[in-house]
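Next up: the structures, one after another.
Each of the two complexes below includes chain A, the first together with chain B, the second together with chain C.
Our next item is the complex of A and B:
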């Protein structure tokens, strides 16, 4: 009885702490926005720039949603940036030079990314390779594949839209990058939809509870009947799949698939997840936090570019803001 | 400090390089390529001694159009000579490149051709090779000690900046707003391309009518170029020209400008001389010029390495020698002359 009561209290405490973290990060987001509005009143707080920041968030944002699930199981996925590059080039060569079907690119990219994610998943769940090492290996393999697949060259995808960039048809590739619905970019809708789905799955389904349980205490989860191995397998497949969607969003905006794209996106994704309050030790995860974390990075990047800060100052400032955001959350996070 | 010395030696080398070119005396006025021709023709004149030269070339990861072309050009140059035993090593980063060169030293080649990932980091291992009696030809990114290489061939990054500034200042008649999308921060290539640009803008437009309103790194990477330019487009409502440090990266910048529907407002220049860039220059529109930074210098480096291995030199020099330093001149490629340069484009 007391055991149950304590567990409940612990869970409640965790929930509260998480709530505060989300609020704290929301405050950071608001503060950054206000700072931007004061420093660049004409160009920062505009609808156009908000749209721009949301679009820029979408690529890393989709990766970060997948990363939230991975980190919730106390894992890590270092390979997503490389997978984005490999999937893009793979999709590009599948389309060929005279290809006119966006669907081929989209399916090929997503399938290839999911396949690479499944390789990670197999190595980790069944080969018992530590996630850090397995995905570090994939980080290298996928980047190599990206270079190998088309002899180190980028693939232009403008042919999918008749060679130009103007007015892509709905559901064609470039539409995902530059198309708009009610004035909001399609890529933002994709990101929001995936974030909402991610929230529902993590917080409102048995699968989500299993993911958290595996990260919290693997042995206890196993005894309680959670299919631990399958859960771990699934999060890396999911991460690969979302990397595929991210690829589509990036290539659609870029109009080409480059073997050097996606460089170090995994660090931005992991950073966003962690400042969002998901614990690297597993067992605690917040999709809302991840969403705000991604926004934080986009705000910082946009503001610093608008202020035309030099690189070195940007790096120091970005580091300080990230540190500040985490410190702000710390007192309440102790439990 | 050493910048002054560098400037003097670069200047001297430029004179030397141009001198060698002038000595050719043929009617080929394409100076950027003539350096290569010089070496090739000299070798065909001086070959036939019967011995083989073992050359090992080491280059950074070729994950970029220009670096890819460097590898291909070096390989192609080596294949033209029967008396060259050639091996190309591609390194993943500065550390593994150092290890690769150490292993290469143990194979005792006659000459090493090195395009270092990071010149300073690889200087000690190059010195080690020279001390072991292996001649080193340094390509493009400079070692930091004079005894690390027997000969050096490099492009002129400062000159690239000068040409870009001159072109943009002329086009805009010293009136307007310019954005600079730089390469990777903290390496000499980027710093020189920036310095040449800003120095020349100040000099050509002393009244300050031509303003550099934003200057941000795009890391030679198209997707970074895209996002950086997207943010700059938000901040700057009036842009007349964009100077980018690289043709590959410029493709991302172009996409950002097109996505924003502002292609008519400004024009853009690149650096390098990629096929994509030349194609767009030919078509006209946003992409107005690129400044040739010819990867053919790798072919020249292999030819120089061969001459050094054979103990021969450029016949045009008296006595025939391989110069200590060759600076490949940069060239402006615009719609007017793009056809002359297309043969040197890389993909």
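Our next item is the complex of A and C:
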């Protein structure tokens, strides 16, 4: 009798809240897919549409993985959308008009995005600027840079592939946008690889443990010997770096780098992270949740598009979903 | 003589704590009634009940013979109860007159009547004998004593009949205290009743008329004359039976592990030197605010040192870097477990291993099975309940949370353990276990430095006890000679006053 009671209490005490949210979200994803299949049986459950949804969500998905680390420390990064635009344009002008090297673009974009992330990191970890303000400033700075760098004009990247999207060489830039392996877009593999790596780092390394510790209780982490400042610094650098990867995926798909691209991507990324169960207060983070959150958004908006709902309505819906997810996350609702 | 305040059988329960368990107190007009008691005796709760900041659970409070509305600060204030808290609650950027009339400014609707405000401020200060304080000066520019006078002027700017002063002398020097006492005497001459809280027993004879002693939320004695011998007052404050919950006192060796040399960080720590040897449990006693916690933070590197150094096993420690301290073998179990020691949403395992994750890393990856098993072993060694390494620490009792923190540093194999209030919020049975653990650690060769407000526990578990007062170590008492009483005397009164020397052997 006592034994049973204790086992039962023990199970409760383990507080599987996060896993519960992951399962719930997985069910939501399945239900959304079924709903789509019923409402639009001809166009929704097709291989083309699935491929399309996955390709589109991979850009924001990569950002969301970085955002998961940032939010796990109780931070926020509002600048990733702007960084994507700035890094794309920067990469584009580095390649130049007669450029043929994909590698130059890829490295330049990733390095520039990482540099901007490092600026965030320095302001936050060493300048003690609150993350919201520091990255809001970068939101504006990076967008401004994106517009300044090439005189508000987009840079075409098709020259890297002989002027068209046709049949890119493996590991050339456009291959990341339109190439496929076993029929699955390369960008989806990139997103999956980063999600898996992110999961391993967050859940199975000392670094990941420290990230959660800093978000869970910064003072306790410091007293336990966690290098708090270095950890905070690192997540913003990581977020910038992943924004660079995201830039590559986006520009590869579009065949150009536009100074107005990436608009509001930060909201999409934050939204996916939050509905995935990662706590905005820090200390609780789930890469699986973020991954499912990205899929949820992709399904909802693909379905809405197919139902001929305007982008304005989609935008309102997106905001409402994020708000609802945050409301569900209030501390009172936790136990 | 009429009774200003009558408190009858007052009870206040907070969730899980009985702060007051039936307190009685009478204050008559024109007297200074001193309120004594160790930390946690219920003094603050009592005055908060009277001032209306806290609503009592049961009992009555009569003010001038009539029941005082309960839990109604504005109502208490309107009837003439004024309170001055320990920390000066003045806004430094306001002028003296603005401070005195803050929140009840005289107005010529809708504008402030500044002339009237200055005039009446001057009158109030004159009433206190301090007309020289400039009413237009910023409060922040005044000396602490003058600020205290401004607080009193503010308190009496209404129609005050009862003035409650919570440790008003804590921040004043000797001359300023005399000034304060003169002001208090002027008020009592006008018929105001004063409740005066202080930790300084010597003040009671100087200013008090009668004394009430609180201990453990009860009135240990009330209405004693201020001439009551200090010995008797201390006895009343302590007044508890010692139970058999203490292990053998560790003896210690000659090998110095930790040495602090003239550590200074103003205002809390004013030049402290101490040594902790292998096998010793060294107590650090004193009242709240005497600088004990701040000293531990300096040793551990959480705050930078202004001056001085910390030496660990003969080599100086890099100041201001907790990671360096941990690497050299220091561990800290901080005062507030929930906000400073634990990630509450984490399992016991993760909380135990966080300071020593390196040992579980193989090719960058954590071996979480080994991590869990190792943590389980450490937790079992301390008899942590429940025996479930996956249990979230938020759900553990205070004592078991403390064991999780101790297990962390045992896993890390630290050599000097700093414990800040290790038994706060811990039930008696678990307290005994924690004392035993501390004693065993010392026997195993660790040096342990324990901060505690419970002087009784220090008197029983320590090889030596150091007593801090106002940022300095004022006494060192050998464990064998330490009694709660002796320690309390050092903590509250100047050691050099003649009637106290005999206590210290």
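The definition used in the following text is that the second predicted complex is superposed on the first by the 296 of 335 C-alpha atoms of A that agree within 3 Å, B and C clash if a C-alpha of one lies under 4 Å from a C-alpha of the other, contacts with A are read in each partner's own complex, and residues count from 1 in each chain.
The rule is short, and it goes like this: a contact is a pair of C-beta atoms (placed from the backbone, for glycine too) under 8 Å apart; a residue touches a chain by one contact, two chains touch by 3 or more.
As the structure is a computational prediction, the values presented were derived from the model and not from experiment.
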First, second, both or neither for A:204, with chain B first and chain C second: second
Partner chain in contact with A:43 - chain B first, chain C second, else both or neither: first
Partner chain(s) touched by A:34 [first = chain B, second = chain C, both, neither]: neither
Which of chain B and chain C A:256 touches, first, second, both or neither: first
Contacts of A:313 with chain B and chain C, given as first, second, both or neither: neither
Which superposed partner A:152 touches (first chain B, second chain C, both, neither): first
Chain touching more of chain A, residue-wise (chain B, chain C): B
Which of chain B and chain C A:219 touches, first, second, both or neither: second
Touching partner for A:130 - first (chain B), second (chain C), both, neither: neither
Residue numbers on chain C that touch chain A, as the complex places them: 300, 302, 322-323, 326-327, 332, 334, 339-347, 350, 354-355, 357-358, 360-361, 364-366, 368, 386, 388, 390-392, 395, 408
Chain A contact footprint on chain B (complex, rising order): 62-65, 68, 185-186, 213-217, 219, 221-224, 226-228, 230-232, 234-237, 248, 251-252, 255, 258-259, 276, 347
Complex contact set, residues of chain A against chain B: 40, 43-44, 46, 48-49, 52, 55-56, 143, 147, 151-154, 156, 165, 177-178, 250, 253-256, 258-263, 301-302, 305-306, 308, 311-312
Of chain A, residues touching chain C in the complex: 6, 9-10, 13-15, 200, 204-206, 209-210, 212-213, 216-217, 219-227, 283-284
